[in-house]
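In what follows, structures are represented as structure tokens.
Each of the next two complexes has subunit A plus one more chain, namely subunit B in the first and subunit C in the second.
Take a look at the complex of A and B:
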């Protein structure tokens, strides 16, 4: 984290599907220095003719432990379909990291935390939840996770288990296309959802918002309108809609 | 073009600087707004990344990557304040 970083070669040690279109890759990197929840890596793929493409992927795992990323396949994408559908354990990819020191959660911070995720924006927030759980952190954590349908929720089983086992962790889902029985009609994230399932501004929570650019903008605007201090709102935009 | 933010500049900037730059604080030469580099509005695709002030949308920095070099111009910032790792 302190030194200049450069590209290194990682081996995919295993892979698993989180949903029908999101896959986690476990990466083996010799001498990985460790990382903070919220950091990402840059992945570089190079074709035989020398053409190369570079993309960022958030780190999903906590440290100490393994280095894992979760990639959401975009049907018309250049890099993500390769990482979800082509790469196999034993294959090597180039990566650089860990990257970023601003959109990170430090377990030494006592403040309550509000996490707001849109789609694959849950990945760096999951690293924070895992880090807190592993350290038996006491900071009250709330996650508001917007997904299209219940089938699109990554880490669903683990989140259910952690809500049961990690004291002070709450998870609320917002369904935008299809809601399960009893969860009301599908809708986009709105003031009511953040107001009822977030923390009141006077608790002075640290807020982390991550997802597609439009989603992040909406959620951050709502937080400010509800009275949250903009200095406590950290955002990361994945691009897309 | 797709909008992301200054978090995505972290990797290229760490190849130049020996410190994390997403947490560095810029001062906009146009409107004097200050904020973390992570909050810049950035447009893809690479190799040319343009970071704009989230307050007045003036260009703060441009970063162009080639296989062997990174070109960084910081014409829109009067100042960069870089936290040192303690």
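Take a look at the complex of A and C:
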């Protein structure tokens, strides 16, 4: 039985931009209990007059290691613009977690893994890729990563490096607005992309799909139609406000 | 009060009477589910209340939609912090479904197509507090939002309002459902911010 998930004070130890609108915060929490890839934290910000706002953010890093979140700035957001544009190393925020025991990958699981990310939905999947790398996992991983343009791809250099160094990891980009030279015409994720770059259903992969609601609906429906067991398809959706 | 986050002003939204603590208002309808959306043909749909003694009460689509239905407007609150105020639904009150059910059990486990479960005390389903809904905003409930039929328990966090619901099992002792077993609160009162175990 877990105890109450208490609020902790985290210090931002460093920050880096992943894209023009997504920023990774490295958070120093002295008594962090550790986390599984795919879990999230709740962040609480409090203004001087006591007004506070909470949001959930997926953890991007693997543990043991660091606690990092990657925050996508939402134009009309209340919390995300503060975390991307305002917060600086040395600042403190409150957080609690880790939270979530469903959308997680355990390095003890031998099954092949198919990761399907839409936009900033890549964050918890990156944590899985990093955890597998740290554990020198031999489970074959494939990531299908849908982004609007090449400039919108977070972790692009690290993914390229990992693919180069690790024959067990494949990454396929789907470009929806602007594709780089030689990558064909931009299009949304479809049956062909998932069929060609995923795993066949008889490999019984564990599938993790994360992204905006419409994207997740589409990708999960395609997986089911291709014959994947719905029980092996885990989804995490965001969107709305 | 927590520590001050330097430079954080917040949106300074006016506080709304219908908004529980820690929630923000949304006007669209976010979707949260643990897996793919099940599609259930209406001629295959069934709903069953099973008592702790094994007695079963089952309705098919025709029987269910022949029951007296209500249209009503309520606020809904998701544990992921969004709230949506003034949502309009049509459905059958659980009071109606429980009219002929004899049970001494205090708890229920809601079961859904797709395997989802969530626990709700029986008292929280009766006396006009919960419905099985099949229309949202005058339209058939979309599969993304739990159609053809979802449970609606608006006074609890929305994960208690099981999508694609197909049954209620009466149980004598409270047991965790899907998210509850993963660390979420057993009851989930938004006004007391019962998000996780121990809150």
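Throughout what follows, the second predicted complex is superposed on the first by the 237 of 241 C-alpha atoms of A that agree within 3 Å, B and C clash if a C-alpha of one lies under 4 Å from a C-alpha of the other, contacts with A are read in each partner's own complex, and residues count from 1 in each chain.
The rule we apply is simple: contacts are C-beta pairs under 8 Å (C-beta built on N, C-alpha and C of every residue); 3 or more make two chains touch, one makes a residue touch a chain.
All of these numbers come straight from a predicted model, not from anything done at the bench.
K.L.:
Aligned on subunit A, subunit B and subunit C: do they clash or fit?
P.N.:
clash
K.L.:
Go through the superposed model and pick first if A:28 touches only subunit B, second if only subunit C, both, or neither.
P.N.:
Neither subunit B nor subunit C is touched by A:28.
K.L.:
Examine A:134 and indicate which partner it touches, taking first as subunit B and second as subunit C; both and neither are also allowed.
P.N.:
In the superposition, A:134 contacts neither subunit B nor subunit C.
K.L.:
Quick one: is A:158 in contact with subunit B, with subunit C, with both, or with neither? Answer first, second, both or neither.
P.N.:
A:158 contacts neither subunit B nor subunit C.
K.L.:
When the two structures are laid over each other on chain A, which of subunit B and subunit C touches more residues of subunit A?
P.N.:
C
K.L.:
Looking at the overlay, what does A:220 touch: subunit B (first), subunit C (second), both, or neither?
P.N.:
second
K.L.:
Report for A:99: first if it touches subunit B alone, second if subunit C alone, otherwise both or neither.
P.N.:
Both partners, subunit B and subunit C.
K.L.:
With chain A superposed, which of the segments 21-29, 57-65 or 93-101 in subunit C collides sterically with subunit B?
P.N.:
So the stretch of subunit C colliding with subunit B after superposition is 21-29.
K.L.:
Between subunit B and subunit C, which residues of subunit A are contacted by each of them?
P.N.:
The answer is residues 1-5, 42, 52, 54, 56, 99-103, 213, 234-235, 237-240 of subunit A.
K.L.:
Under the stated contact criterion, what part of subunit A meets subunit B in this complex?
P.N.:
Its residues touching subunit B are 1-6, 40-42, 52, 54, 56, 96-97, 99-103, 213, 234-240.
K.L.:
Within their complex, state which residues of subunit C touch subunit A.
P.N.:
1-12, 22, 24-38, 80-82, 114-115, 144, 178-179, 181-183, 195-199
K.L.:
Which positions of subunit B touch subunit A when the two form their complex?
P.N.:
Touch list, subunit B to subunit A: 2-5, 7-8, 10-11, 14-20, 22-23, 36-39, 44, 46, 67, 85.
K.L.:
Considering the complex alone, what residue numbers of subunit A touch subunit C?
P.N.:
Touch residues, subunit A against subunit C: 1-5, 7, 9, 42, 44-48, 50-56, 78, 82, 86-87, 91-94, 99-103, 213, 217, 220-221, 223-224, 230-231, 233-235, 237-241.
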